[in-house]
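We call the chains A, B and C, going by the order they appear; numbering starts again at 1 in every chain.
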Amino acid sequence: MFSFDLLFDAIVFGLLLGCFYAAVSIGLSVSFGLLDVPHIAHPAFVVLGSYGTYLLGTYGMDPIVSGITLMPLFFLFGVLVYRFYYETFEKRGGDAGVRGLAFFFGVAFIVEVSLILGFGVDQRMVEASYIGKSLTLGEMRIPIRMLVAFGMALILTVSLTLYLSRTFTGRAIKAVAQDEPALRLMGANPVRIKQWAFGIATAVAALAGALLIIIGPVEPGMGRVYIGRTFCVVVLAGLGSMSGTLVAGLILGVSESIVLTLLGASWAPAVSFGLLLIVLGLRPQGLFGR
Amino acid sequence: MTKRISMFWVGAAAALGLALFAAFSIKNEYFFFAGYVVLQFVVLATAWNILGGYAGYVNFGTSAFFGVGAYIAVMLIKFMNAPLALQIIAAAGVGALMGVSCGLLTLRLRGIFFSIATVAVAIILETVINNWRFVGGATGVQILRPPVMEPFDSYTKMIFVVAALLAIIAVATARYIQTSWIGRGLRAIRDNEEAAECAGVPTLKLKLLACAVSGALMGAIGAPLAMYQSFVEPASAFNLNYSVSALAMPIIGGTSHWIGPVIGAFLLGSVQQIVTVTITSELNVMVVGVLLVVFVVAAPDGIVGLFNKLWRKRPGAAKAP
Amino acid sequence: MSVAVPETLLHVDGVSKNFGGFAALSQVSIEVARGERFGLIGPNGSGKTTLINCISGALRNDGGSIRFAGEEISGLPAYQRTRRGIARSFQIPRPFKSMSVVENLIVPLEFVAHRGSLHKADTHAEAMHILEGMGLADKADTASSQLSQVELRKMELARAMAARPKLLISDEAMAGLSGNEVTEVLDILFKLNDTGITIIMIEHIMQAVMRFSQRVICLDAGAIICQGTPESIVQDPNVQRAYLGV
């Protein structure tokens, strides 16, 4: 049943999916890759963004517009979460590792259960003019929603990469990740920079959530599978590398797509975890890590 | 020290005696259902704490070990109608193997990657079982169990006593680890792994040991689930609630001492039962999550920690053990 | 009576260590005799701690061999090297924070000295004995997180001693201490050497190194630039250039 056509389809689909994975993961690239926060709850925030988009969709708002609208709210949310995390854990040091992980696990769980209580366990979808139609290129049919998600994801990833490397605040964020004491000596407040960064990461998660529900229906428990995908992308890219996130996302997307074609959908989650373990075993600094 | 040791075993024997007494005198079946659930959590919480509290490695996938235990039991029942004892031993063995595998793959890396690996194992195993028709796939499988098991007048009561026995074994194991050189080594690893290694502690071996013991206990208590419920399906055997509770209970009870998970299990287990019966079952799950976050933030040493603080404040108090 | 030829305890032969493209150590070879007091100096970033990490097992060397008491140890994990008799203290003290001072010592006692026969009473008494030798006996039951800097340094050494080492590596144990405290620690090291323990000392405090060492080696940019007696080292132009940049 193997054919090159099938493989080609899988690769194209994988590239589209991969770019989306990059967009979902780039927030984690900032919060875990740069700020070293054990943010297991990042995928849960993305799913929260999806449901926010769904909610706004019931009022007729286009999903992408909803995603963008949610960004300031999520930014604030991110700032608060980081501040809370910092005051409670990072400041005191010590056994913060276990407690930090348990904290974010608890937060992720609370988010999931809240979504179940609020929306039920059934899948939720949004509607838009570009959902449901496909583009036909020769032998291939590409769903337009995938192209929309791909485009938005590309814009998002590139924007954030440029922001971090070209703007003053962005470079301050990268600096605080590399050498916090030096930054402090230069008069900057590392905590304010970090909470700003975490806010951005969370805002980006909101938009990623909008893309998620564009690509397909969502349900509250989806976050867990994305833990593997997001951490895989972030580690494969190399902690602290933003541009690497796009490449890593594409690699994961294509790998998953090929496995999906050959072995079926149930094995797709295993790809990200498997790839993560391979990277950690062979080249833990990732592709572009510092 | 000897006095303390025998006090524990006296207490353990008394607990077992109490369980047997209840089995033979209480008529209300619901007591045994609820009791089984609490004892199950005592084992899961204690097992979790051996790796999480003593060694500092957070397992997010307790449901995987537990669910696998249940399905090993199912497989043995279907293959050869194996007795409960064999199911439990086999499940423990597989659980230990799973624990060691997770460890070998990730223990040389940072703690968070071990945790992520446990998520992976949980998701992948649930998928595998969902697609495996021999054990019933997503629809699950019915288990025929004898209605009565001599000398108890109901199978449920017998399983309840088995659970009590497993709980005592789990707690005794945790206590041994805590007070022995193993526990000291694990604490050294948790405090400063590099210094521990230079002090002669075989860090990888000890961590793998903790993984094996923890996994074995979790698998062991998963096995009786098949006979207890007479029906096993992946959605409930691999339920996320097991993972969250196994983590929340020791954190709430206190991770530094073997009695912490026991307190957490009894407390949280009872609260869960009450909330499920009086309000809703979804809310019960939310309660666990909220309590977890509250304790992690406000009372990181758990109830044991709070008790220690109060105990030390009283006049003429001796140093805490 | 024949003069005993000093036996080589530690033989580091052509050891290299790379981090990415950066060569932290290039073909370093040293020989340390049993019972010797050996000094290791060099400017910051010269590779001293990397060399120590390779010897103690915290890092694996990329090339060359390390022989301890005749046995090749480059492939062994750190805890096995400790069990064979190599102990080290850390530049920044790493106490087991959840444990008291005496418990900190009981860990190596249980895992190195008394492996196989574990009677808690014995290890406690032995730990107290070591603490008395260090002047820390009155702090035995104090939480290690509450010690002062000099007490932490002493505990680091005490903990290394509890592993009953043949070779003790002291990594800048005196950094940041006052004059009196430096003398205290130095006296401890002299006492330990008198009992037959070989000691490698890494230090920036020149007067301590000169007083203590029988032989000194100077590292710079991962290579040995000079070795010899303390007096000859101080006068060597290469060493002066490395430290003063002239």
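The working rule: contacts are C-beta pairs under 8 Å (C-beta built on N, C-alpha and C of every residue); 3 or more make two chains touch, one makes a residue touch a chain.
Everything numeric here is computed off the predicted structure, so don't read it as measured data.
Chemist: Compared with chain A, which chain's mean CA position is the farthest off?
Modeler: It is C whose centre lies farthest from that of chain A.
Chemist: What chain pair shows the greatest number of contacts?
Modeler: After tallying contacts for each pair, the winner is A-B.
Chemist: Measuring centre to centre with CA averages, how many angstrom lie between chain A and chain C?
Modeler: Going by mean C-alpha positions, chain A sits 46 Å from chain C.
Chemist: Starting from the mean Cα coordinates of chain A and chain B, work out the distance between those two points in Å.
Modeler: 33
Chemist: So how far apart, in whole Å, are chain B and chain C when each is placed at the average of its C-alpha atoms?
Modeler: 43
Chemist: Residues of chain A touching 2+ other chains?
Modeler: Residues: none.
Chemist: Which chain B residues touch at least two other chains?
Modeler: Touching at least two other chains: 190.
Chemist: At least two partner chains per residue is the criterion; list those residues in chain C.
Modeler: Residues 97 of chain C each touch two or more of the other chains.
Chemist: Looking at the complex, which residues from chain C come into contact with chain B?
Modeler: Those in contact with chain B are residues 56-58, 77-80, 82-83, 87-88, 90, 94-99, 103, 106-108, 110-112, 115, 118, 120, 141, 159, 162-163.
Chemist: In the complex, go through chain B and note every residue touching chain C.
Modeler: 1, 181, 184-185, 187-188, 190-192, 194-204, 319
Chemist: In the complex of these two chains, what residues of chain A are touching chain B?
Modeler: So the residues of chain A touching chain B come out as 38, 40, 88, 95, 97-99, 101-103, 105-107, 109-110, 112-114, 116-117, 221, 224-225, 227-228, 231, 266-267, 269-270, 273, 276-277, 280-281, 284.
Chemist: Quick check: in the complex, which residue numbers of chain B touch chain A?
Modeler: 52-53, 56, 58, 60, 105-106, 109, 111-113, 115-117, 119-120, 123-124, 127, 130-131, 190, 240, 244, 247-248, 251, 255, 282-283, 285-286, 288-290, 292-293, 296-297, 300
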